[in-house]
Structures are given as structure tokens and as C-alpha cells.
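For reference, chains read A, B, C, D, E and F in written order, and residue numbers begin at 1 within each chain.
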Amino acid sequence: MTKKQPARTRPAKSTAAAKKTAPVTSSAAPQRADDDPIIALDLPRAALSEAMKAYFGKCDEKLGFLPNVLQAYAFDMPKLEAFVAMYNDLMLAPSGLSKLEREMIAVAVSSYNRCYYCLAAHGAAVRQLSGDPLLGEQIVMNYRAARLSPRQRAMLDFAVKLTAEPWKVEDEDRDALRAAGFSERDIWDIGAVTAFYNMSNRMASATDMRPNPVYHAQAR
Amino acid sequence: MTKKQPARTRPAKSTAAAKKTAPVTSSAAPQRADDDPIIALDLPRAALSEAMKAYFGKCDEKLGFLPNVLQAYAFDMPKLEAFVAMYNDLMLAPSGLSKLEREMIAVAVSSYNRCYYCLAAHGAAVRQLSGDPLLGEQIVMNYRAARLSPRQRAMLDFAVKLTAEPWKVEDEDRDALRAAGFSERDIWDIGAVTAFYNMSNRMASATDMRPNPVYHAQAR
Amino acid sequence: MTKKQPARTRPAKSTAAAKKTAPVTSSAAPQRADDDPIIALDLPRAALSEAMKAYFGKCDEKLGFLPNVLQAYAFDMPKLEAFVAMYNDLMLAPSGLSKLEREMIAVAVSSYNRCYYCLAAHGAAVRQLSGDPLLGEQIVMNYRAARLSPRQRAMLDFAVKLTAEPWKVEDEDRDALRAAGFSERDIWDIGAVTAFYNMSNRMASATDMRPNPVYHAQAR
Amino acid sequence: MTKKQPARTRPAKSTAAAKKTAPVTSSAAPQRADDDPIIALDLPRAALSEAMKAYFGKCDEKLGFLPNVLQAYAFDMPKLEAFVAMYNDLMLAPSGLSKLEREMIAVAVSSYNRCYYCLAAHGAAVRQLSGDPLLGEQIVMNYRAARLSPRQRAMLDFAVKLTAEPWKVEDEDRDALRAAGFSERDIWDIGAVTAFYNMSNRMASATDMRPNPVYHAQAR
Amino acid sequence: MTKKQPARTRPAKSTAAAKKTAPVTSSAAPQRADDDPIIALDLPRAALSEAMKAYFGKCDEKLGFLPNVLQAYAFDMPKLEAFVAMYNDLMLAPSGLSKLEREMIAVAVSSYNRCYYCLAAHGAAVRQLSGDPLLGEQIVMNYRAARLSPRQRAMLDFAVKLTAEPWKVEDEDRDALRAAGFSERDIWDIGAVTAFYNMSNRMASATDMRPNPVYHAQAR
Amino acid sequence: MTKKQPARTRPAKSTAAAKKTAPVTSSAAPQRADDDPIIALDLPRAALSEAMKAYFGKCDEKLGFLPNVLQAYAFDMPKLEAFVAMYNDLMLAPSGLSKLEREMIAVAVSSYNRCYYCLAAHGAAVRQLSGDPLLGEQIVMNYRAARLSPRQRAMLDFAVKLTAEPWKVEDEDRDALRAAGFSERDIWDIGAVTAFYNMSNRMASATDMRPNPVYHAQAR
């Protein structure tokens, strides 16, 4: 992972045949981690910009590992930087939605889209931020099974409808959020987080992006 | 749980309104467990037959707890006994399918049907039987993301098609299982386990059946 | 059908090719019955247990024929006995639902799942039990076309929703049954009959189970 | 049905409430026939044109009754005549498709669209023209369960795809019909009969058109 | 186009392979028009009847061109005449629906069915009849985005439901049209225009019918 | 649009009732433009950052107008800047996909999602960049009707599958792109553009974003 020897996100071309012959080995230790390679595209990693070098360091320091999505984008600095900027604004900047609520949307959307990467990563985030491991599991499995407040139920109903049938979202749907106490700006944010994970889920599916195995055991 | 004081599976009538006002309480300890009541129907528990008394004892001894599905059926002995007999035959009797494979089908079907109860309970079983926590998570989230052998991929493809569009299952689908090495009897068993969880998923959804919280942390 | 010479449910392996070349012969008499073989799996029939021998005799006496589903399961006594026990409890034991209502659910579910076996067999049952041949046809074709009481319409709406999208069944759906006059136990039974035919439909589709031709002309 | 006293197809305005309270009366004789009124719209019948008077007479003579669809259109002569002209050309004029094949398409399309009127009327026609009552039932229930020739299977596969997802029909689909032996003109006719029943199914659903009860018992 | 030398609607057999190799040529002028051939079936054109000769002349005079759908049907006079009679009655005869409203239904239905021919031809008609080019575009793209009157919104909601799920249309849906001010006859007409375009869309898809290029630039 | 008097994107709260009473006025001139207000959320516009002031000026200079999506995001500079950075990288930076190809993906995705804003804006872009107005219309209506090269057909097939059912995208789908000549990096870019418009479509639907009317007449 130095500038001189760029690690490849994937050492050889992915072929359908190769995947099909990879067996489940339930008795023996796996030969390689679930996230090796991180994606099913063979893209040489680029040199990190100064900003991204700092950001990766900060992630590693804060989380103890580097989320694979960042490694996946690291073949191209402008793409990585644009993704990071949008992610940080949506998920971390001030908003009428709590950080937990934004993660709840991420998981409900990813559950509809059955996105392995995002369910693993953001399911862990809901477990951590809520201190309620069951809540994370419920939204991964079926958010309707969670015992949510009316506010949060309205929020996830909107997010899932916007994910499943965006062409049917109308004034009535926005009015339901207003009735649940959300402001105009909150509605934008619910829409924006929903939209962002509809993008991210598809990047993960397009590339068979694998989550860091560490997520699975977090905050259980 | 004596004959004199039958425990109710649900102390009061379920109403949509009541559920909507139950808040997510992320900072405080929950007032009651996720599985209290076990189902959203108010059915008084019946006296256990001798056979079921023995069976419940055996479960408790082996698992350390009594699966809620058994408590849910315990309002009527013939229903409980019929369910237990079918479950035990399908999941535990000799078969060309390993017990792990039967649990993998249970989870893949329950994932399609987004069944909270069965994903929690059988997701734990896949994690335990495989010794591979990630495999359990992958099948809960999207079985296509798991790195399966061709045999197990063919098995789950058949199970999910039979779940989603049973009217389209034809000779070609059975021939694909034969080509993957399954016998005539194996094909029956794949069909039967798939069919059984399509039943169980719907019992759980019809009654809002809640899994024992203990499942969530098992074999992570 | 003796222990020494077990009849096979299917004389030769099913192949997609073989089926494709079997012509519609509209002018000549068919060479074999529609239900020969009964299923598309080659499973040797087992010796009947005493209980099943008695049960088959009773069926034959009461109906004048043996339903093919029983023959299909007769390769394995524990599976046959578990199926028979569950079927008899659900469809024949005392319940707040009449036997006709339970058959109406069976047909509405099987219509959604487009299950040839169950539509033939249970469509005949609705015609017989109701004394109204049109009612049987309407539920086979589209239950919304039948002129049902509000109670029965609510019952079938719940059954079809639970069949089509079990993940969306919530307290509101149970409350709609309560408002239509159903008790807590009735709701369990509606759910259980619906769930059972979601299982049976899939066993029939998984195995290409063929109904006894006699059903088609019954009670017209 | 004279010019002076036009019979109404429906004596009073249809209301949702009225329908909901019409009970299933399984023990008593129904007060009115299933097809009274014929449609759920209150349209006064027009005077028949000479051509239609002759046509209705011919229908009655040939069939012994007047199909309700003709009565339904009889509020307006140009609409009735246009419908009759198109129907007769498609279903009765010379074609590379037999009359039975055209009726098979009608039923397969109507099954996809769950159209009560057309399944009753054209199901009867398949039973009659084929002399094979089971064939009619199978196509009503699930055409994939019928043991069809490759030619007829290809024909119904095209018809059902064109019904379900017309936007996905492409050269490959037409080529599959050519490979099954159909001529260019045959492909037009398969498309045209499929398209016509997609129209007729929707007229029946839009108006709650009721089939003549006589169809149900024909050719069983 | 004389009787002696019938023009073919398509000079050579359509093959999937041929279509796949036809490149997008963005820089050079296209070799042939988008509507050459008009359909993907090789059907020799028949001699026009006197009535159709007159009708084609009238079309050409009024529109300045002959709609390709008429050319497509011109291989067989009875089919052409039946189509023309039904089209003219539905779209041009007196009705409680304005001609614009009938075209709006045509476009909303064709948008659901993603029918290239009908969207091009009837999208142009909505632009022309409304004098509002945006209205045409909105209904092509998503009628819910158009700022419609309650009457027209109810009309298109009914048309799209009847297109998408005809089996779910019931008294409630007709009552919603009555509440929006439509008469019994209007409801027939809304149903009939919707049904007709469900037919036409499928004829266009079955044959890969190509719209006259002139439509695209009309009334922008 | 000065710092002192921030223009509101929407002068009054959107209500479902208000929209429903806005009539189609086909004879009179509309009172307000289709894009007034731009979105159905009442968000005060923020002061533009220097970078965005320059960017807006450049847009206006190059296009002659400011795309409404930029005005919609202009209530918050970090959100606007993140969107602009990602858009410019994806749609304008060097790539193995031509700018036209990227716009073709945008339109095919937006057609699946029936997004009025993006179909209007990017449909115009395809017409302009291709010099082929019909190509733009075809992809808006049904990309399968366009006569595409195998490369571009494979590209849009992948984009539409990733939009419709991202959970089913697997190695086979990536291999189909490789077989059509796309590089590993090209596959990333196809995925990324598809993913981005799945985000943008949902932002537009969540907010009822209206396209600048100028798009509709461009490059016809």
C-alpha cells in the first residue's frame, strides 16, 4: 500500500466459474478472509492524496480498521474524495435527524435492497449507536418487526417507499412526515440519506464489495 | 405453567395504536423483553400433555431455554404435537441433506419472506452448525453473497424460486438439482424444508411471533 | 403395493425433454391418466404402517378414492403421518371457522400460488361443502369476484395478504379480522390454514403433484 | 328488450357498501342469478341494429343463450358492432392457429389477469373444442401444469410474456415462435389474440362483467 | 403498393443476431429510417379495399402522413377494418371524455406498458390537443408528476390500476370515478380506452412496431 | 438571490389538497411556470460560497440557464458542493465511457424509476450529444426499442438490472460486460453512473423537483 507498489483490490479477473467452485468449508479454517479481494474488479490502487492519507489515518485511529468501502474507492482520488465528502456531510453533519436515525435509514434501505456490505457495516452502527443489539437485527431483517416510535416508523416507511417505488412518492407522503413532526429540512435529510444508500447499495452490488469481517461481531 | 393457572401468551388485546406509541428507548433499559408477549394474539395456554411435558423438558435441558414457537403453539396440544412431529422429522431425521443444509434452506426462505422470528432462530443455527458466523449473516442478508459450493448454491436457488414463484417450478428446476448431485429423495427433502418454512414464516407473521432474545448473541 | 414389490410413484426419471414432447392429443384417447405418475420424483413406495393402512382404508371408503397427495407422501411413514396429523387437525377439528371457510382459504391461497393440485382438490371441496358450484369457480379464478359476506371477505383478504406479502402483515391486519367478528383463536386458525396451504402448494409445485382426475367433475 | 322499453344492464347504482353486505348463502337458494345485473354500470340498453338483431338470433340459435358480453356492449351499436367484428375475425376466421389454440391463448391470458368472465367463458370453450376437460382446467389454473406439445407451450409462453411484460418482448421471443414452427402470419395472430384478451379482460374487470352461469357446467 | 406488387412490411426475416449488430451511428446519417421496416414480421401487404383506400387518403390529407399502425395492419383487410372501426369509435365518437382526455389515457397506459410506438404517437397527440407540450412529456414520463385536476387524476389513477392489476378493480374504484363526477357511460369509456391501449401496446410490442419519425418533433 | 434576502425554493407549505385542485388549463396561459416552486419543500436559500458562485456563473454562461437541481441544493453549501463534485467527476471526467454513454445510462435508469426531472434533463442531453433525437426518446420510453450496438445494449442491460434488482447482480453480469469489451474500470464507471442516478432520481422524487421547462424543446 505504498505509492511504489500499489496493492490491487483484486489479483485476478473475476469469473463466474471461479466463484462457483469455491466451496463452503465448514470444518476447516478458511484460506482467505471474506473480504479478500475487497471487490470483484481488478483495479490498481492509486497513491493517496494528502487529504485522504490523513482521513484514512483518522479512520484507523477512531475505528481500529479501515472500512473496505474506502479501500474500494482508493483507485481514484477524485472519486474517493467526492464519496467521503458526501458521506461525511450526510451522516455526520448537524441535522434534525440523530446519527442513529440516519443509520436506521441506511439499514432499512439496505434491507430492501438486500445489500450484504451495507447491512453488515450499518447494522453494526445501529447496534452501537442505539445500545440495543436487537434493534439492529430487527431493521436488518424487517423494520416492521421493530417496536418503533411513530416518528421513526413514519421515517422508515417513507425511506422504504422511496426506495421501492420512488415514482409513487407524492405530497401525501411528505405530509405524513410533517404530521410526524419532521421539518422541511428534516424531510430533505430523510430523502437524502435514503437516496445515498440507494447509491451505495448499488455500488456494493455492482462490485461485489465485501464488508470488513470485524463488523459482524460488533456490539452484539 | 401449571394446569391451574394457564399463562397467557398475551395479556391484553393487540391494537395497532398501542404498538405505534411504544417508543425506541435507546438510553434506558427496556421495560419488558422483546418477546413479551410472545405473540400478538391473546390465547390462554393449555395444560401440556405428558409427551409435550417431556419434550419441553428435553428442549430446556439441551438448549437452556424453550423456543418461543413452542410456547406459541402450547395453547392447543394437537396443534403443538403436529407441529413438533413435522419439525423433528424434517430437520432432525436422516436425510441426504446435512442438518446445516436444512438450516441454510430455512434461512434463505425466511430471508425472502423477511421473517423476523425465523431469521433470528435459524440464523443462529447456521452460525452454530457451520462454525462460520459470516455464513449465517450472509444467508440472512442475501444468500447470493455467500461463497457457496455449486451443490449448495443449486439447493438455495431452488428453495428461493419455490418460495418466490412456486408456479414456475418445472422439470428443468428438478433437473438442475439432479445435475448438482441430488437424489430423488434429496429433491423431496429440499422441497419439503422449503415448504415448511414458507408455512412457519407465515405463522410467525400472522401472529407477530417474537424470537427468544438469546438467539441474537449465539455463535457470533 | 405390497411390502415385497413397492410400487414406484414414478417409473422413470423425469426429464424436461420428455415432458416437452408429450403432445396434446385432442382427438384420440390419452394413453395414460393425468396423474400417472403422481409426482415427478422416482420414490419407491414404503410399506404402510398399521395406522396409515387404516387411514387409507377410511379415505377410500368415505371418498371412493385415495387422494394422490397421500400416495405421494407414502414413500416414508413418518412424513406421511406428520402430514396427515396436521391436515386433519387444521381442516377437520373444531374451530370457529366452518369447514367450508377453511376450504375457501385453501382455494384462495392456491389461486394466488397457481397450484394445480390444490385448486383441483380444494375447488371441488368448496363446490361440495357450499352446494354452490359458482362459488368454487370464483375463488379458483379471483376471489374478489365472489359475492362474499364481509366476514368471509375479510378472512380471504387476510389470507391472500399473508400469502403474497407476509412481511407486511401487522396489527392493523389482525384488527381488521377482529372488527369482522373473529376471535383471537379464529385469527390463529385463519393464519394456520393459510400457512399450511402455502406449504402444500409448494410441495405440489416442487414435485409436479397431479390431482386425481375425479376431482374435476365433482359437484358441478 | 324492445325498442320502447330498453332493459337496463343494471337497475341501480353500484356501491361498494351494497356489495359488501351481500352474503354467501350456502344453505338457501340465491335470490338472483350470478349475472344479474350483468355489469356494475347502469347503462340503458339501446335498440339493436338489424345486423345485431340477426347476430344475436344466430348466437342464441347456435349456443342456446346469448353471451353476456354481447348484452353488456348492447347499450351502443357502434361499440357492439366493432367488438363483434374484431372478435369474429380473430377467433373464427381462417388462421394457422386452430380455434382450440386461439381459445387456449384466451384462457392463459385470462388466467394471468385473473379475469372471472373470460376464464368461465373461454375455459368452457377449451373444454369443448379439445374434448379434454382437464386441459381446460389446467390452463385456467396454471398452463405450465398442462402436458402441452412444444408448439403449444411456445405459443402460451409468448402469450403470457406479452401479457405480463410486453416491454420485454424482443426478436428472441419471435424467433422462439419461428423455431417452434410458426409462420410470420401465425406470430401476428398469436400476438393479436393475446392483445385482444388483454383488452377484454380489462373491460370485464372495469365493469365487473358476470359470465352466464351456464358456462360453468359445460363440457365437464 | 399496387395490387400487383404488394410491398412487404419487412424485407427479410428478423433475427435477434441482426438487431444486435445494428450500431448506433451518432456521427453519420442513418442508412434507413427508424420505421423501416415498420414491423419485425415479414407480411406481404394486401390490396386495399375501397373503404380503406378512401380512409388512407383521408388520413394522408388530414395528417400529411399515414400512421404506421395502419400500414402494419394492411396485410389483411378484415383485420385493418376492424381495428379502424374500433379506434375511430373509441377515440373520435361523442363521449363525456374529451378527445384530449382519451389521449391522456392512451399515454398513461402506454407509459405503464413502456410502449415505444404508442408513447411516440399519442404523446404527440396530447401535446397537440392540449397546447401544452409539458403535459405530454409528463404523462409519458410519470403522470403523477403532472399538475392535473382531481377529475383527470382520478381518471388516470383508474386507467393505470386497470392496466397494472385488473384483478383488483372493484366497486370502490368505480365509486371513486363517480365521486369525481364521471357518469356511468363515462366509466365505460374510461375502461374501454384503457383496455384498447392495453391491446394496442401489446400488438406494438409483439411486432416491434415503429412509429413514424414525424411524431417526435410535433407540437414541441 | 442576495445574501440579505434569501429566495425560498417554495413560498408556502406543500399540501396534498393544494396540488389536487390545480387544474389543467389547456386553453389559457399557465399562471406560473412548471418549475415554480422548484421543489415541494420550503427551504430558504443559503448564501452561495465563492466556489459555487463561480460555478453557477459558469453554468449560466455555458447553458444559458441554471439547472434547477443546483438551485434545489443551494439551501446548504456543503451539500451543494458535495453533489457538484460527485456529478462532475462521474459525468465529465475522463472515462472509458463516452459522455453520451454516461447520459444514456442516466436516462435508462431514470426511465425505470419514472423520474420526471432526470428524464427531462438527461433526455435532452442524449438528444444533444448523439445528434439523434429519436435515440433520446427511445431510451426515455423503453431502451429495448432502440437499435443499439451490442456494447451499448450490454451496458444498459447491466444498468437496468442493477437498478431493478441490485441483489441479483453477480459475476455473470460483470462477465457479460467484459465480453462486450468493457475494462475493469469501465465496469466501475457503469456501476457508479447507474448508482448515482438511483440516488438523484430519489432526491427528485422525495422533493417533487421540477425540471427547467427549457429542456423539453432542446435538440428535437
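Note that in this section a residue touches a chain if its C-beta (ideal position, glycine included) is under 8 Å from a C-beta of that chain, and two chains touch if they have at least 3 such contacts.
The model shown is predicted, which means the values in this text are computed figures rather than measured ones.
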State which chains count as neighbours of chain B and simultaneously of chain D.
-> C, F
Can you name the chain that lies farthest from chain C, using the mean of each chain's Cα atoms as its centre?
-> F
Go ahead and note the Å separation of the Cα centroids belonging to chain C and chain F.
-> 51
Cα-centroid distance, chain A relative to chain E, in whole angstrom | 44
Return the distance between the CA-based centres of chain A and chain B, expressed in whole Å.
-> 28
Among the residues of chain E, pick out those that touch two or more other chains and give their numbers.
-> 19, 114-115, 142, 167, 170, 208
Mind giving me all the chain pairs that touch?
-> A-B, A-C, A-E, A-F, B-C, B-D, B-F, C-D, C-E, D-E, D-F, E-F
Would you mind writing out the residues of chain E in touch with chain D in their complex?
-> 13-16, 18-19, 40-43, 75, 78-79, 81-83, 85-86, 89, 93, 113-115, 162-163, 166-167, 169-172, 174-175, 178, 184-185, 187-188, 190-192, 194-196, 198-203, 205-208
Contact footprint of chain D on chain C as seen in their complex | 19-24, 26-27, 30, 34, 100, 111, 114-116, 119-120, 129-135, 137-138, 140-142, 145-150, 152-153, 208, 213, 216-217, 220
In the complex, the residues of chain C that touch chain E are 142, 144
Footprint of chain D on chain B - complex, ascending | 167-168, 170
